[in-house]
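The following blocks contain the structures, represented as structure tokens.
What follows is subunit A paired twice: with subunit B in the first complex and subunit C in the second.
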Partner chain A sequence: MEDLTLRHTTRERARGNRQMAIIGVVASGNLEVLTERVLPENECVVEIRTAAEGFGEVWAAVVADFVERHSPGGIRFAINDGGARPDTVSLRLAQAARLMESDQ
Partner chain B sequence: MTTWQQNRTATQARLKDGAAFAKGKVVEAADVTRLLEAVLRPGDRVCLEGDNQKQADLLSRALLEVDRTKVSDLHMVQSGVVLPEHLDVFEKGVARRLDYAYSGPQSARIAAMLFGGKIELGAVHTYLELFARYFIDLTPNVALIAAVSADHEGNLYTGPNTEDTPTVVEATAFKDGIVIAQVNEIVDHVPRVDIPGDRVHFVVEADRPFFVEPLFTRDPAAITESQILTAMLAIKGIYAPYGIRRLNHGIGFSTAAIELLLPTFGEKLGLKRRIATHFALNPHPALIPAIESGWVEQIHSFGSEVGMEDYIRARPDIYFTGPDGSLRSNRAFCQTAGLYACDMFIGSTLQIDLQGNSSTVTTSRIAGFGGAPNMGADARGRRHPSEPWLKAGHEADPDGSALLRRGRKLVVQIGETFGEKNAPLFVERLDALALAEKLKLDLAPVMIYGDDVTHIVTEEGIANLLLCRNADEREQAIRGVAGYTDVGRGRDRKEVERLRARGVVQRPEDLGIDPLDADRSMLAARSIKDLVHWSGGLYAPPSKFRNW
Partner chain C sequence: MIAAHPQARPSAGPDLSTSWYEASARTRVRLLLDPSSFREIIGPEQREVSPHLRLFDLPEQFDDGIVVGTGRLDGKPVLVAAQEGRFMGGAFGEVHGAKLTGLLRAARDAASASVLILFDTGGVRLQEANAGELAIAEIMRAVIEARLAGVKVIGLIGGRSGCYGGGGLIAGCCSALVVSEQGRIAVSGPEVIETNRGVDEFDSRDRALVWRTMGGKHRRLAGGADVFVDDRVDAFRAAALDLIASSGSFGLHTLEAEQARLADRLRRFGACQDSLDIWAEEGVADAASVPGMPADQFIALADKVWRIPRDAR
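Then we have the complex of A and B:
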């Protein structure tokens, strides 16, 4: 197990008003993402607990691209990872951001 | 005096020697090795029919047993090297030289034997190339073929897996060669005549039916959300704008996902009857929901697929069938159809380099080419226009004269940026080059050349190579969809954004694709059992795909 915490300053707040969402499953090659709207509007934190060690650099790249593309200001993401590939991580983060765009 | 009938005279002598082991045309299984010793001569060119689906396995085993003082140094000219016996004949010295097209399950051993000098390699071909050479410089002296049944005159019924048989027999029988067929049974009347009896010299009833493997069945349960996202990108970003109606699909999970998204995602986009109506394709079970939903008008097949027999029989409006009701496939014709009558090939690969060259070779395996290079190549001899072909041609050469401009076939490589065992799809240098150096080959085994590839689709987006104007743009477009592979992370981010602004690179959000739609609930069938339901119980999956 490895724990990583990635902090970013965002351009704008995440759209929508939903307070919390969860998507995905903790399974081999998959991951679960819990999102909560609990941070100041220009901050984003991604906390990762992963089964695969030594991929910190790739996580940093995936999360930086995600923040750049979606600007999820105000959201804390907690990821429970079962060794998902970067493409799956990107997709789950995009899905999580989409869920938070809804109004409730 | 010149004699012009030496081959015929020699063949008649061989047939006479062989007749000693036959009653009429029928030979007992126990006598086949002796028959082969009687009709074969050292150095003969022999086609030991190895197709995708049906294998002349009894004849392979019999050939392995021949007396090497009578039969040796054969030159094998066959499309598929798939059974262990196909290589055992080289180990034993019965055969020496090999020209072939595909070696799927034997790909590691064939590489080791080539490296060890056990096999003298002619060349690795595509199917159509090897078939072509059967009529020019690789005409078989003897063909050992497989069929479902024969009558006493030698008329053959191949069943739905006709595949290579008509081509092999045509080249052999009409050039004074000898044709020996193994069949599952000898009957009074064959259900239909796939090969006329006057082209067949000997018939052997096998002790057990020839081996058939389900090669084209993809379990929808194994399709990932990344594959669904990638498939949606292909449908919305390529099929729809080009209006692709005539096409060929590869056999991977990405294209299976496309097949399963047509009746759902495709329907939502209003694309029914506007895309994916005519196929050169094996009977993929994954296409059943699209067929049942009225998407598909017609399919011609290279071969058949295990379990699809009754479904095909009940859907003659879709498939090519004989008077007996079962599928009639033909690899040579279907390959030609894919080359000249389809506007798109879309398939997966193992490695793509920075120029877009792709290969399924790894350093220790030579899988051969099969048909993909023919499907995945622009047909320079094509002359009939179609909307997608003209549009692609225009994108590649917007300033040329419309009346003189060549159209382009769409050749699309689709896949996830990381494949099995997290192997990156994108590489700086293909493993095929290392293999070519190791084996001292004249050519690296490239499956599809970069200059034929028009689009690359991954979960990150679509790269349209037709719109690239130089090698640098092309490289950055490829890097721009290469995700978090080293190649992808080595991109020039500003240049990729410029390409994106021009539509050379398109992201899911550029195409209005919602990531929440990349969900398994979007698949028309989510299991093999769902496919059975869609088929009204006509599809009978082989046991290895049944988990209920």
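Then we have the complex of A and C:
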């Protein structure tokens, strides 16, 4: 297992007011993303525990792209990864950000 | 070419025709219960993960593969537990099991709400085998104690991992079971039987054999499951409501009736070599047609063959 923590400063706060959401499942080629609105509004942290070691650069690129597209300020993302491909990671992150856009 | 037709888009509301088999544990709970009524206990944000998986360098899941909480079913309070069959095959570990044990003990103490267990499990998680086996024993005791307190414990089985190993034992302790064609119920799974007894005893690669021996249709016809439903969330919901209303009280008389039912079943079918023989003995005219039969036709057939006695179980 490998632990990674990626920190970003965001343009704006994540929309919506939902405090917590979870999406996905920890299975081969899949991952779960837990989101919590617990950070200052211009910060975003992505904590990753992954079964596939040595892919730190790919994670950094996928997360940087996600933060640029969605600007999820104020949200901490916690990921348990079962060896998902980058496109699956991007999809799950986008799903998680979308869930947090609701009001409750 | 796919036409971009406005009516073809999925509706915004809860889709009760959703496949139970395809849905995640969280989706099953959300669609099964009254809208927005679910309140999770020990949710993923509390990060009560397995203390063992890290030792094996394996990934954890924040809810350890089971969702437990309270909700309402047609307005009435229920306690619910749902296993996620895709995380480690829905297997029971220490935390996973403790969450279900705690829910059942709360149900026993309150003695006012029914319990729904959405099984989706291959049995005990091998990486935490001793803790998992102990959890199975604790859960079985907790199911019986809850039932003695007057609580109905209904098992719903239709997930991709089926209901195997210790899950099959717990299911056998429930007040009543709902099963779909995809929901297999057994203790030893196909590969386990083949490994221990040889391919002549059970060929685990013979999928038709697996389904007609352990699948929902056979469990319904043999009396192992009370209700057979189509693979839809609304069908499971309707069956759960029916069984909460109709399953009987529990006591020594129930166990004696169940023992008599099982002894009678063994006497009648003990010499049968295949499920097909049992179905024929039960009076199914064309037993070979059962595996391919659509759900609605099978339900009509099963109801005609026999209804499960409600004094047993």
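One rule holds in what follows: the second predicted complex is superposed on the first by the 104 of 104 C-alpha atoms of A that agree within 3 Å, B and C clash if a C-alpha of one lies under 4 Å from a C-alpha of the other, contacts with A are read in each partner's own complex, and residues count from 1 in each chain.
Keep in mind that, in the parts below, a residue touches a chain if its C-beta (ideal position, glycine included) is under 8 Å from a C-beta of that chain, and two chains touch if they have at least 3 such contacts.
Keep in mind that what you see is a predicted model, and the values were worked out from it rather than measured.
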Touching partner for A:A60 - first (subunit B), second (subunit C), both, neither
neither
So, does A:M20 touch the first partner subunit B, the second partner subunit C, both, or neither?
second
Contacts of A:A94 with subunit B and subunit C, given as first, second, both or neither
first
Looking at the overlay, what does A:A51 touch: subunit B (first), subunit C (second), both, or neither?
second
Tell me which partner A:P86 touches in the superposition: subunit B (first), subunit C (second), both or neither.
first
Just to be sure I read the superposition right, which of the two partners does A:L34 touch: subunit B = first, subunit C = second, or both, or neither?
second
Which holds for A:A78: it touches subunit B only (first), subunit C only (second), both, or neither?
second
For A:M1, using the defined touch cut-off, is the partner it touches subunit B, subunit C, both, or neither? Pick first, second, both or neither.
second
Residue set of subunit A touching subunit B in the complex reads 58, 61-62, 69, 85-88, 90-91, 94-95, 98-99
In the complex with subunit A, residue positions of subunit C that touch it:
24, 26, 43-45, 54, 57-63, 84, 86-87
Once bound in the complex, which stretches of subunit A touch subunit C?
1, 20, 22, 25-27, 30, 32, 34, 36, 49-51, 78, 80-82
Residue ranges of subunit B touching subunit A (in the complex, touch as defined)
224-226, 229, 416-418, 422, 458-460, 483-484, 489, 508-509, 514-516, 518
